[in-house]
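You will see two complexes here that share chain A, one where it goes with chain B and one where it goes with chain C.
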Partner chain A sequence: MSVSNDQMIEMLRTMTRIRQFETRVQEFFAAGKIPGFVHLYIGEEAVATGACGTLGATDYITSTHRGHGHLIAKGGDLKLMMAEIFGRRTGYCKGKGGSMHIAAVELGILGANGIVGGGGPIANGAALAAKYRGTDQVVVCFFGDGASNQGTTQEALNLASAWKLPVVFVNENNGYGISCPTCKSMAVADIADRAAAYDIPGVVVDGNDVLAVYEAVAEAVKRARAGAGPSLIECKTYRWRGHFEGDACVYRDDQELADWVKKDPLQRFENKLLADGLLDAAKVESIRQEVARELDAAVAFAEQSPLPEAAEVLEDVYA
Partner chain B sequence: MTTVGIIANPVSGKDIRRLVAHGSVFDNQEKVRIVRRLLMGLEAVGVRRVVYMPDYYAIVDRALRGCSPQLELVPIPMELENSQDDSTRAGRWIEDQGVGCVLVLGGDGTCRAVAKGLVEVPMLPISTGTNNVFPYLIEATIAGLAAGLVASGRVPKELGAYRAARLEVLEQTRVVDSALVDVAVYNDRFIGSRAIWEVDKVAKLFLTRCSPASIGLSSIGGQLLTLAPAAPQGLYLELGYGATVVTAAIAPGLLQAVRIGRSRLLQVNETVPVGLAPCVLALDGERELEVHSSRALSVRYSAQGPYVVDVTATMSQAQRLNLMVQRGPVEADPAQ
Partner chain C sequence: MAKKTYLQALNEALDQEMERDPAVFILGEDVGQFGGCFGVTQGLFAKYGEARVKDTPITESAIVGAATGAAAAGLRPVCEIMFVDFIGVALDQLFNQAAKMRYMFGGKAKIPMVLRAPQGAGIGAAAQHSQSLEAWFMHVPGLKVAIPSTPYDAKGLLIAAIRDDNPVVFLEHKLLYGIEGEVPDQPYTVEFGKAAVVREGADVTLVATAKMVHTALDAAAQLAEMGISAEVIDPRTLLPLDTATMVSSVKKTHGLVIVHEAVKFAGAGAEIAAQVAEQAFDYLDAPIVRVAAPFTPVPFSVPLENAFIPNAADIVEAVKRMRG
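Coming up: the complex of A and B.
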């Protein structure tokens, strides 16, 4: 598995973009400028970046309630995303979906999803359609450790295997389903162990190492495109923020967070590229500044965009 | 009191070789069952105390939910980092405490990590990994017996164990890492998912042992000659050019044709420069060290590897000494 210099630098840019996007959302939510709930992806950037880095423009993803990172990594427009999170008419869902429902079908983003475990059946549907059409598209289905305990996810794994669908199930095991640690909700410690029950490969990777995620998902994508069916990649990671913004996190101790902050996936990758001589400190700083300017523009676009009109409340409503 | 250690790696058997090859699935519950059988074997030969590495799956604690051996079980006092360093630190603690023997559950990578902490304590490695060259594919009950017999001295270490060779990675004269079976000079720039399966990226290969019946990188040398684990010679191969092509089982279910250029035997304490930078050094089949251009490393073939229990030799000695045999008074044959 070879990764070019340009690919690595682009991965760093994507991770930086996710980190800064989430930091802005955190600030504006605290300032009361964002309605509804937001679930931030800080600390998990390597998973979305590594996984989506293996996909082409016509491939699909299904996302979760913690979906900003997935959407950015799949090419989501920062302005339209920020506008949607701000509840503005110019957003991806005309301001009526908010953080948990951003979709951009034209980019292969089949939606963030407020239903835990909601992505698996949708991923299978898209994969079945691709198989039926005879294309080589694949679907990456992101899901969390909480979702892995949902029947929908297990049913999706089963059917994807039985029908050899081109789905890569990418599990983000961040250790907690809302406030419940996985050791209290799961009889096994490794979600990848469950793959054997469906006769598919199950692999554990370091979810804070973007290249490890990239390598594993790339092999799974290759396998799916070749018609060999689904795989399950479990990425061990950690969310730095609470389940939602405003979560007091009384269920975990500060030391645990501090230990994971030491494993910061962004800093770690930055350090590697510096050590490899692919970048110098000035170039890293210029990437940060360029991304900051993109986000300035996204926030300005969101703040200057209008709210939906009351008369539009029943438009684009399907159920 | 005879004490035996157990180090069971909860991570072994889950790497990318399930995806790129046909690696066996080794879930942690199977490791729990193996530990139960080990405990039965240990108890049967008089071991009374077991120290064990704690782990996130609580393999030994779970094992005790399904059996009640007359053993004192004591977790090693250590903070887990959930990395391979846990196994090394547990091995070092066991060495410092003078434990009689340590049972290791894992693959080549786990054995390497534990061995880095050992000097005199013999290890008995049981395969629960992927490429299993160093650890034994063995019934755990028998492994428990053998470990207990060596730990108690009923089978002396010099009869029941051998000293393995190892490969030391040197930076000038300092040992920065080591391997038990193989060191591969890998032509890439990142560690990533760790395992090795693209053999065309292996430029050089150092082996402590090889056999035509083994798997992994050492199977490349194994198609040319056999080197026993304790042999006084290792093997150095340059790959990717040359007229000799061998078909080798690089990973479970994955056979590849490998071109072999220069090759020669290594003598004890012989040192060979890595000679490629940047590169990655893979130790016992896992990418471990990213080597940048400024770093000059070399590899030394050493006879100072860990002591390893030879299960067949140990049980044969037990047979010779009737250690598992009790003889009472001669009874009349009831059929007469």
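Coming up: the complex of A and C.
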């Protein structure tokens, strides 16, 4: 799979967007400006960016509780996302969903999801619709290492393989299901090994290498579009923040985090593009500044947007 | 008008909607060549083929999730859960996903799916194949719940359910599949949220659902012989719930007995009783009475199962006691 220079620069921009978006959310949450709780994606940017980089506008994704990165990579509007996280009526869900339920069906985003393992069966349904209509749409189902143990995920993998549905199951293995390390929650070292149970390709990739993710998912997307069925791509990565903001992370040591910070997927990709001469330091800085201005606008939009009226609680239950 | 069974009426509804709208398709366990565990989808596989009548693995979450995702992507799936008791396996996909997507997404998704499931006791199928779980679904904003008692309503409500843009839980009583009634050949809908007054009366109101509608009609016939005129109301859908028809009946009869086969405690009857009490307390001459199953799992052995299922004598007794 060859990736054009423009695509690579666009990927860098997407990763920068995700990093800066999450950093802003972190700050505003700490400042008490965001209600509820948030799960940040910092450190995992390469997975969403590489996977969604293979998709077109009409393809679908299902996301997770840690979904901001997926949504941004699939084209989510930063203003509408930020407004939703701030609980404003101008947000993607009119303030009814919040961080864990942002969706944009018109962009093929079938929702972040508050239930671990909730997305797999739904991804199959969207893929079934594509197959039923004879379109070449594919669905990327993002799910974590924790979700990989859920019955819903295994049921979904089985049905997708039995029906050869155009789904790419993209596993984000960040090493922990909340506080529980994967070595305690599963006996296999590689979640991708589970693909063998469904006779589908199972691939392990470095989830901090955006091009590796892109290549593996692109191959799986090609296979899915050709009618050959689903694949399981396991992306090994790490979340820099806790499971949720405020998590004291007593279950992991500082050294482990420091080791992974050294493997920063964003810095790594920047370094690669600089080394390959695709851009120079000034260009990197200008991307950062452009994204910072987008984020300034998104935050201003969110902060200036009205909160929902109490009467709106009754709207949108039924079509 | 032709006489058809409840099962034929359901089958005809599916057939006519599939004929009318290519977005309608069926999925579930053994719904294909086998024709469904109780035969509701018989003949549809031969007519519409594997792409539109899809046999699934025995994985209820995968079934309900596939229906939910396909509906979110614009199709109109009708999924079958072989016995309503199996919904527990798939509950997250129904009540956290399908039911809530529209609201969570700020009104920007439509989930036009139907989940058909047989329920009810009376065939010796015991605790995991005989429950009546309508109250579970009534407690979930975003769902609709239909519970037909006649072949006519079965067809009209199912067509309405398929055309509805919301997830509808469609509960069929397995002992009603064989009953016959007048069913028009043409497609038609029965509006959700409109109760049927199936027998008019002046002295007491009996609100009953599913098979209990027929039991209540038997009781009403016995009460008539005693000089008591009972009005029998079938809500037909429990969500939305047509309380107006019940309230206006109670204003006339001044007495209410609610009958259902689900366990009495926290059943649909509790909601109906509360709403009628809230809206028509001053018209009631006596406390509202519920006739429903005891708070036990459904037992297996015939005398035990018979003791579990409410019967006409129970209703007659309740009415007599109420009237002092």
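Everything that follows uses one rule, which is that the second predicted complex is superposed on the first by the 317 of 319 C-alpha atoms of A that agree within 3 Å, B and C clash if a C-alpha of one lies under 4 Å from a C-alpha of the other, contacts with A are read in each partner's own complex, and residues count from 1 in each chain.
Note that a residue touches a chain if its C-beta (ideal position, glycine included) is under 8 Å from a C-beta of that chain, and two chains touch if they have at least 3 such contacts.
This is a predicted model, so every value here is computed, not measured.
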- Query: If chain A is used to align the two complexes, do chain B and chain C fit next to each other or clash?
  - Reply: fit
- Note on the structure: Quick note, chain A centre (C-alpha) to chain B and to chain C: the enclosed angle in degrees to the nearest 10 is 120
- Task: Based on the superposed arrangement, let me know which partner A:219 touches: chain B (first), chain C (second), both, or neither?
- Result: first
- Task: For A:272, decide between first (touching chain B), second (touching chain C), both and neither.
- Result: first
- Task: Could you tell me if A:201 is touching chain B, chain C, both of them or neither one (first, second, both, neither)?
- Result: first
- First, second, both or neither for A:317, with chain B first and chain C second: second
- Query: Who wins on chain A residues touched, chain B or chain C?
  - Reply: C
- Counting only touches as set out at the top, which of chain B and chain C does A:229 meet: first, second, both, neither? neither
- Item | Superposed arrangement (fit on chain A Cα atoms) - minimum chain B/chain C Cα distance in Å | 25
- Note on the structure: Footprint intersection on chain A (chain B / chain C) at none
- Message: With touch defined as at the start, can you tell me which chain A residues reach chain C in the complex?
- Response: 60, 62, 91-97, 101, 103-106, 110-111, 113-115, 118, 120-130, 132, 151-152, 155-156, 158-159, 162-163, 315-319
- Task: Note which residues of chain B are touching chain A in the complex, please.
- Result: 10-11, 14-16, 18-20, 25, 27-29, 56-57, 188-194, 198, 278, 290, 292-293
- Message: Help me check something: in the complex, which residues belonging to chain C touch chain A?
- Response: 25, 51, 54, 56-57, 59, 61-62, 64-75, 77, 92-93, 96-97, 101-112, 141-142, 144, 165-166
- In their complex, what parts of chain A are in touch with chain B? 1-3, 183, 188-190, 192-193, 195-196, 201-205, 209, 211-212, 214-216, 219-220, 223, 231, 233, 272, 275-277
